[in-house]
Amino acid sequence: MTGFWLVLRRDLSLAFKQGGAAMLALAFFVVTVTLFPLGVGPSPDILARIGPGVIWVAALLSALLSLDRLFQADLEDGSLDLLVLAPLPLQATVLAKCAAHWLSTGLPLIAAAPVLGLLMNMPAEGIWTLLAAMVLGTPSLSLIGAIGAALTVAVRRGGVLLSLLVLPLYIPVLIFGVAAVDAATVGLSVRPHLLLLSAISLGSVVLAPVAAAPALRLALE
Amino acid sequence: MGFNGEALTCIRGDRLVFEDLDFDLQPGGCLVLRGPNGSGKSSLLRLCAGFLAPAEGRLRFDGLPIDDDREAHRARLTYVGHLDPLKPVLTVAENLAFWAGMNGASEAAEDALARFGMAGLADLPARYLSAGQRRKVNLARLATSAAVLWLLDEPTTALDDTAVAALTALIAAHRAAGGMVMAATHIDLGLPDAATLRLETPRLPVAVDFR
Amino acid sequence: MHRFANPTRFLRLADAILPWSAAIAVLTITAGLIWGLGFAPPDYQQGDTVRIMFVHVPSAWMALFIYGAMAVSSAVALIWKHAVADLVAKASAPIGAGFCLICLISGSLWGEPMWGTWWQWDARLTSMLILLFLYIGYMALWQAFDDPQRAAKAAAILALVGSVNLPIIKFSVDWWNTLHQPASVFTLSGPKIHISMLMPLLLMAVGFKAYYVSVLVLRTRAEIMARRIRALRLTYAQAEAAE
C-alpha cells in the first residue's frame, strides 16, 4: 500500500511544483464559462437557465485538457517502464495517478464552480447542488479519462484522439450532473441524480484500472 | 538454476527481431549482449523484463517459467533502460527515494549516490543535471535495489571513466553476493569471466507469414 | 505455428458462406423493399412517410448489433489472442458506422414531415448519434497506430469499454429526454405494430444482417490479403537489404 501513497504523493508534488497543467485547466474552465454570457448576451434568465450545463461542459473540457499528459510524461522519461515493473500492481498505480489528477485538477474546478455559478446568475440552491454533483461526479472524469489517456499514450497527436474517445463516455456524467442542478432549482428531489453520479464514479473506479492497465502495458511493448 | 531462455523468438510489429535464441545465466554470472544496432539487444532485455512476451520459446527462473508468477519475477529484477526516469522538478534525492520506496530499498539513497560521487548534488533539482549525471542517478538506483537480476541496456551511455569504474565495482559486488547481470554494451566493461552473447544482424524472413 | 493464427480455415469458411449470405441479402432486401414500399398499408396518421421505417428501424438495430459483435470479437481477440477476431472487429466498424449514419439520415428525413424539423433531439436519435461517435473513435484509434497488432489490442480494449458504457449512455439519454420532453407524442417504433408492417420490417432486418455478413466476409478477406502483401513486401525488403 505504501507504493500507492508514494505514487499519489509524487504526482501531487509534481503537479504542485510544475504548477502548469492544473492551473491551466482551472484558467481554461473560468475563461470558457465567461465566454457564454458574452456569446448569448447578459440576460439573467437565459444565463441561469444554461448555467449548469455550461459549467458542466466547461468542466468536462478542462478535465480533458490535462489528461493527455497523465501517462505521457511517464512514458517519455522511462518512468512508466519502472512503474510497470514495480511490485505495486499496475491497476493500483493507475488509481493513484487518477486520485492525484483529481486532487490537482478536479478540486480546483469544484472550488471555482460556485463563483462561476454566481456569474451565471444561478440561485443558491442550484449552486449548492452543483457543488455536490461536482464532488460526486468529477472523480469519474479523471478515471474514465485515464482509460483514454492510457489508450492514446503512445500515439501521435494523442490529445485530439483522446477527446474523441473520452467525450462520448462523459455524456452520462454531464446529463446527471446538470439534471441534479435543474431538479434543485425547480424544487424536486436531487437524490436520484446524485446517487446515479456516485454510481458512475464508483463504477469507473472498477472499470478504469482494469482497462487502463493493459493499455499501458501495450504501450511498452 | 539461474535464469535462462530457450529457443526464444521475438517479434515486434511485423519484424522478426531474433529467432531461436538461447542463453543461460547462473547466480553470480554476467551475460554481456553484443551485436550491431537492430540485432535485438534491447528487445531481449525487454523480453527478460517481461515487457514483451516471446512469440516462441520460454524464459525460466530457477527452472520455473516466468509466466507462472509474473509478480515474483518483477520483484526480483531491476531494469535500466535508455531513459533516465527522473522528474526535473524533484531533487535528485527525491527522485531516487521514490524509486527506492517503490521497489523496497536495501541501501539509503544518500549512500547509493555517494558511490557515483553524486552525494553533493542530492538536493539539486534534477533539471540541472547533465546527461551523464542523470545516468549516474539512474545507476545509483541499482545500489538501492534488492533485486537479484539486473537488466542493463547500454548502462555506460554518457558516463565518464570514473563512473564506469564505479559501475564495474557495483556489478562485481552484486555478482559476489550471488546476483545476476545481463547488460547490453558497446564498450568493454572489463568484467571478469563474463559470458558474451553475440546477436547477429537479422537477415531472417519477416515475422508474419499470414497464410 | 508461432507466427499467427492461421486464417486458412476462416478463408475456406468465408468462401462457403459468401454466396449464400449474398443471395439471402439480395432476395430479402428486394422482397422487403417491394413489400414495404408497395404493399404495406400506409399509416393512418403518417401516411406514406411511415415507409421510411423499413430502412430506418432495421439500420438502427444493425448499428447496435454490430457494436455488440465488435465487442464480442474484441473479447475473443483479447482472451484467446485470435488474430481473425481482431480483423472481424476492425472490418465491422465501418459497416456499423454506415448503418448508424443511414439510421440518422433516414430519421432526419422522417422527422421533417412528422415534426417539421430536420433534427429533433429525440432519445433514440441522440443515442444513435453518440453511437456514431463511438464508432468514429474506434476507427480513429485503429488508424492512430502504425503496428496493426498493437492497434488491434488497443481498439479491442476500447470496444469493450464502449460496450460497458453504451447501456449507461442509453439510459442517461432516455433520462435526459424524459426530463426535457415529457410525454413524447410519437415513438419511432412502437411495439403495437401491425403484422402487415411487421413482415416487411423483419424481411429487411434479415436482409441487412445477411448484407452485414457478406460485407464482413469480404472486408475481412481483403484485410487478410492486405496483411499478406505487407508481409511479402517486408520480406522482399529484408532479402534485398541482406544482399
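Order as written gives the chain letters A, B and C; numbering starts at 1 within each chain.
Operating definition for what follows: a residue touches a chain if its C-beta (ideal position, glycine included) is under 8 Å from a C-beta of that chain, and two chains touch if they have at least 3 such contacts.
Computed from a predicted model, the values in this text were never measured in an experiment.
C-beta contact counts were set side by side for B-C and A-C; A-C has more.
Farthest from subunit A in terms of Cα centroid separation is B. With centres defined as mean CA coordinates, subunit B is found 37 Å away from subunit A.
If you average the CA atoms of subunit B and of subunit C, the two centres end up 47 Å from each other. Centre-to-centre separation between subunit A and subunit C, using Cα means, comes to 31 Å. For subunit A, the set of residues touching two or more other chains reads 221.
For subunit C, the set of residues touching two or more other chains reads 150. Residue numbers of subunit B whose C-beta contacts span two or more other chains: 12. Within the complex, the subunit A residues that touch subunit B are 2-3, 6-7, 10, 13-14, 17-18, 74, 76-79, 81-88, 217, 220-221. By the touch criterion given at the top, residues 12, 46, 49-52, 71, 74-75, 77-79, 81-87, 89-90, 94, 98-99, 101-104 of subunit B touch subunit A in their complex. Touching subunit C in their complex are the following residues of subunit B: 9, 11-15, 55-56, 202-211.
The part of subunit C that touches subunit B in the complex is made up of residues 2-4, 6-8, 146-150, 224, 227-228, 230-231, 234-235, 238-239, 241-242. Note for the complex: subunit A touches subunit C at residues 147, 151-152, 154-158, 161, 164-165, 167-169, 171-172, 175-176, 179, 182, 196, 200, 203, 207, 211, 214-215, 218, 221.
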